[in-house]
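First the structure, then my questions, so here it is.
We just call them A, B, C and D in the order they show up, numbering each chain from 1.
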Amino acid sequence: MATALENANLLSRAILTTQKLRISVSKTFNHMKDGIKVSQDEHGAPKSFASQLQEDLFLINESFIELEKLTMAVRRQREAETIGNTGALSMDPVTDKTPLYPKALETYKWATRLREHSAHSQAFLNNSSIKRSSGSGGSPAKRRKTAPTNLNISTQAVDNLVMNVNRQFHDVKITKIQLNPTVLQVYVSRTLQAIIVLRGLLIERVLIRAHHENTLNDDGTLDLWTASKYEVFQKITEHATAASLRYYLPTMQDLSFRSFMHWLNSFSKLFSTPCRLCGKYIKDNLPPTWRCFRTVEPYHECCRP
Amino acid sequence: MGVTCVTQWPVTENRTVPQAVEVLTKRLDALGASKSGNFGVDCETYQSVPTNVPLKYIHVMHNKEQPYTCYAVTDNRTCLVCENSFEAIMHRLNGFYVPKKTARIESKGTRYEMGDFIIKIGIVSLGPHARGVLVEVEYTPCVIIQDCWPLMVEFMQGFMGAQYTPNTHPMLANKQEVPFNAEDTVFQYLEQFENFVKRGSSTATVR
Amino acid sequence: MQNQDKVLDNSLDYILSRVNDLKKALTDLLMKLEHHHETLNWPSVLNSFALLSGQINTLNRHLKSDKTPVLKNLIILPLKLSQDRDEELEKVTEGRVASFNHDVVPNYLRTKPEPESEEREQVLAKDAAQLSPEVAKKQIDNLNRLSTHLLSMLASQRETWDPDSSKLNITTSSPSDTNMLVGAVNMGRGFKRGMVQQPMSNMGAQMARQGDQHAPVGKIPSGIRTNIKSGGGHFNR
Amino acid sequence: MNPSMSHVLGMVSTGGSSSSSAQQEYLLVGSIMDAASDSLLLRLKALCDNVEIPETFRDHEMVFILRGQNQQAMLRARRSVNPPSSSWQLRYIGQPDVSDKSRMVTVRSYHDCATSKNLPNFLDEIGFKLDYEFVAEGHMFRKGRLKITVSKLYKFSQPGLPESPLDVMTQSQLVELSVVAPSGSENVPEDMRLFAEQLKPLVIVDKLHI
């Protein structure tokens, strides 16, 4: 250990000396190339070219001797250790525990790929060189700016509300799947799921999908936009959006949310409750998708009172 | 994959099989169903070689709805869902299981869509002969049969006639309310196919 | 008669030219050894030897061939010996033989080895003949043992001389492990519980192989033979 | 060589494999001692396509045998234990084709298919009996259509529990070089041999000698 440290010291000194040597050598050459300017030594007497050269050479010699000494010292240290093993160090990549080698490989492959991808995309972009409007890039920032600050409600409040509603309705299971903006996923029985985007505690957007439909995109991001592929749930999404407006009470946000959940809860037996008016399950190939806002009784869209 | 119900559409004495199908398709057209291609469900039965294995059957079934999937059903109704290459493996077991002769039975026909419902009307053929008509109704938004059974019955009565009542669905007997899956459809077809084979063999012996 | 002479002449000419070639190659080699021994490298020496051996071969082939007249049957008779310098002879032999005298003639025209060497050869032959085969074998074995020992010593010494090469030759895989792993994956050797079961299942696998390839009936005995062998292998393990 | 493209090509070829009937597995095997396995992995990382996501696996394989009067059939069921997977892989592997001695690789007929999780149960019902089982853990590499696995084998201390403590088989890891391709793909053995050459002298992969 100590020898290694000493060795390192020697090596760093050797490097410094080498630098010194190089400087003095290049200085010498410069002097020889440019000739000697009329310079003065400490005592003010002009120096001759020969004496300057002599001085330079003396410096070089000094550094060189020092370097040589250092090299000798270093070599002696190395002989104390087994040279065989140090030799193997460079040959066997495994003993090199630093992740340099795999990282380099990875980088290389990534770089190759990146180049290919960018070549492809460049080709594509050249084909369709429509100028993107500069406004589109700025709009999200603008939207963020107008985000209402008066509706800022602590996440604690949202959590409490979710907990309460979960307790209140047996068939409803609410989970918070995104924090900002708050997005709730509501499972109603095994019938449907609702994706609810909240602003404060007010419902910003409702999307109804089948219980077994995906919530996430293929790349794992939250899908807030794709409508359900089933007509029933497309229809219910419409009604739910209407309901969210019907129950919209900016002053009593808590109540607004609860009434909406109450309404939504009435869909838990969507497929097994007949229409209140005609007594049938199906009309236009759809079950009763409309719910009375007050009594939450089921009706077909065209049967509603 | 929603809930399905496979039932037989009776072919009455004075009608041929294509005529029976026509009655249904006309009604569906009138109700505004739109055609959405063809469908097919087939079943090939492998029988064990008695010297090597005690008598057992494996039914290897395909549903065109899941074109890369193959269903292997044992006597105990264990259904192995697998890739189509399973058949190649079955052929490799030819010392133990061989395809039963003339046991390839299939139901082929047109697929209709009506809102969230999918209706498939298929002609069942055992070998070269048409044996009857099977109707499959699928209600796609729902996966729990207990939830939507009355709704489906109502829908089926809507185009198959008010007096028509489908048999109680085998899955209804199941106390646990488990989500419906593709195997359950295949089981229903297998059940119906077995009925056809039984009836076919009994009529053959009568003749 | 004249024809035979002609053939003889041709043949002698040919031999002469071959021998000259040989001589030239030899002098070349000697030159190399003498003057360039500092820069000389092994491949070039080997090249020279290869050349020599090739030329000797062609010479031998020619001497043995049917077309060559049997030189053995020809007689050379020294008619006149003289102590005087013979200029002609000196030129022909490139200065090696100055005169055709009593000193050199017996050596040059000799057809048999010297009596002393002949004697020693005969003694050796007699010794060899007397040796019993067992003793001979023992001696050969002895020699072999010694040489293998020597070889192994050399090899072990080599590792100390040349640590790098020994490091690179670390065994990284062992065939026995390969066999074990392959047997385990494919036949379940070592995975199954109970030793009694093993030969049984092994036999089963053999049968499956036959079944799989639809082997004709005639092939079955061979399958059984290998089966017994592999089963035996198990018990030995 | 474009790694992403060959990856896609590999996928295509495996995707197409299910439809074609006469599939064959071209195989070379070898082993590497545990101590040297790191060097082998590094070398494979340099040689193969999927370096950025080195694929590791821990699979549980069960081998089932159906014995008849004078023949038997063997099927292999395999599933991933880590990460736990609900699907199984069913494989049929024929005996090595020894008709052509000059071939440089083992060739045997091969069929595989993905199945649902009730595979062991299914095989049991159609008469197969479990013959042996093991756990293989290791790395998987791809190079074009070549698949290279380096795996350590474990045997069960308790039957049927892949989570139970496992016993190591040997101090070596199994190295397999395989290609599944339609029969008669002539340049496959050559590709494999060239690749095997690059693994020397760390691992010598050879034909199966059972």
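Operating definition for what follows: a contact is a pair of C-beta atoms (placed from the backbone, for glycine too) under 8 Å apart; a residue touches a chain by one contact, two chains touch by 3 or more.
The structure displayed is predicted, hence computed values, not measured ones.
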Checklist line | Per-chain Cα centre nearest the global Cα centre, belonging to chain | finding: D
Note to self: From the centre of chain D, which other chain's Cα mean sits the farthest off?
What the structure shows: C
Notebook entry, point to check: Where are there more C-beta contacts: A-D or A-B?
Noted result: A-B
Checklist line | Distance between the centres, which are taken as Cα means, of chain D and chain A, whole angstrom | finding: 36
Note to self: As a quick test, compute the distance in whole Å between the mean CA positions of chain A and chain B.
What the structure shows: 49
Item checked: Where chain A and chain C are represented by their mean Cα positions, the distance between them in whole Å -> 73
Notebook entry, point to check: What is the distance, in whole Å, between the centres of chain B and chain C, each centre taken as the mean of its C-alpha atoms?
Noted result: 81
Item checked: Residues of chain D whose C-beta touches two or more other chains -> 39, 67, 71, 73, 94
Check: What residues in chain B touch two or more of the other chains?
Finding: 95
Check: Which residues belonging to chain A are in contact with no fewer than two other chains?
Finding: none
Margin query: Per the contact definition, I'd like the list of chain D residues that touch chain B in the complex.
Written below: 17-19, 21, 23, 66-69, 71, 73, 75, 90, 92, 94, 109, 111-116, 118-119, 121-122, 125-127
Checklist line | chain D-touching residues of chain A, taken from the complex the two chains share | finding: 92-94, 101-102, 105-106, 109-110, 112-113, 116
Note to self: Which stretch or stretches of chain D touch chain A in the complex?
What the structure shows: 2-4, 38-39, 42, 45-46, 51-52
Checklist line | In the complex with chain A, residue positions of chain B that touch it | finding: 114-117, 139-144, 146-151, 154-155, 158, 177, 179
Next item on the list: Show which residues of chain C lie in contact with chain D when the two form their complex.
Entry: 170-174, 177-188, 190-193, 201, 204-205, 207-213
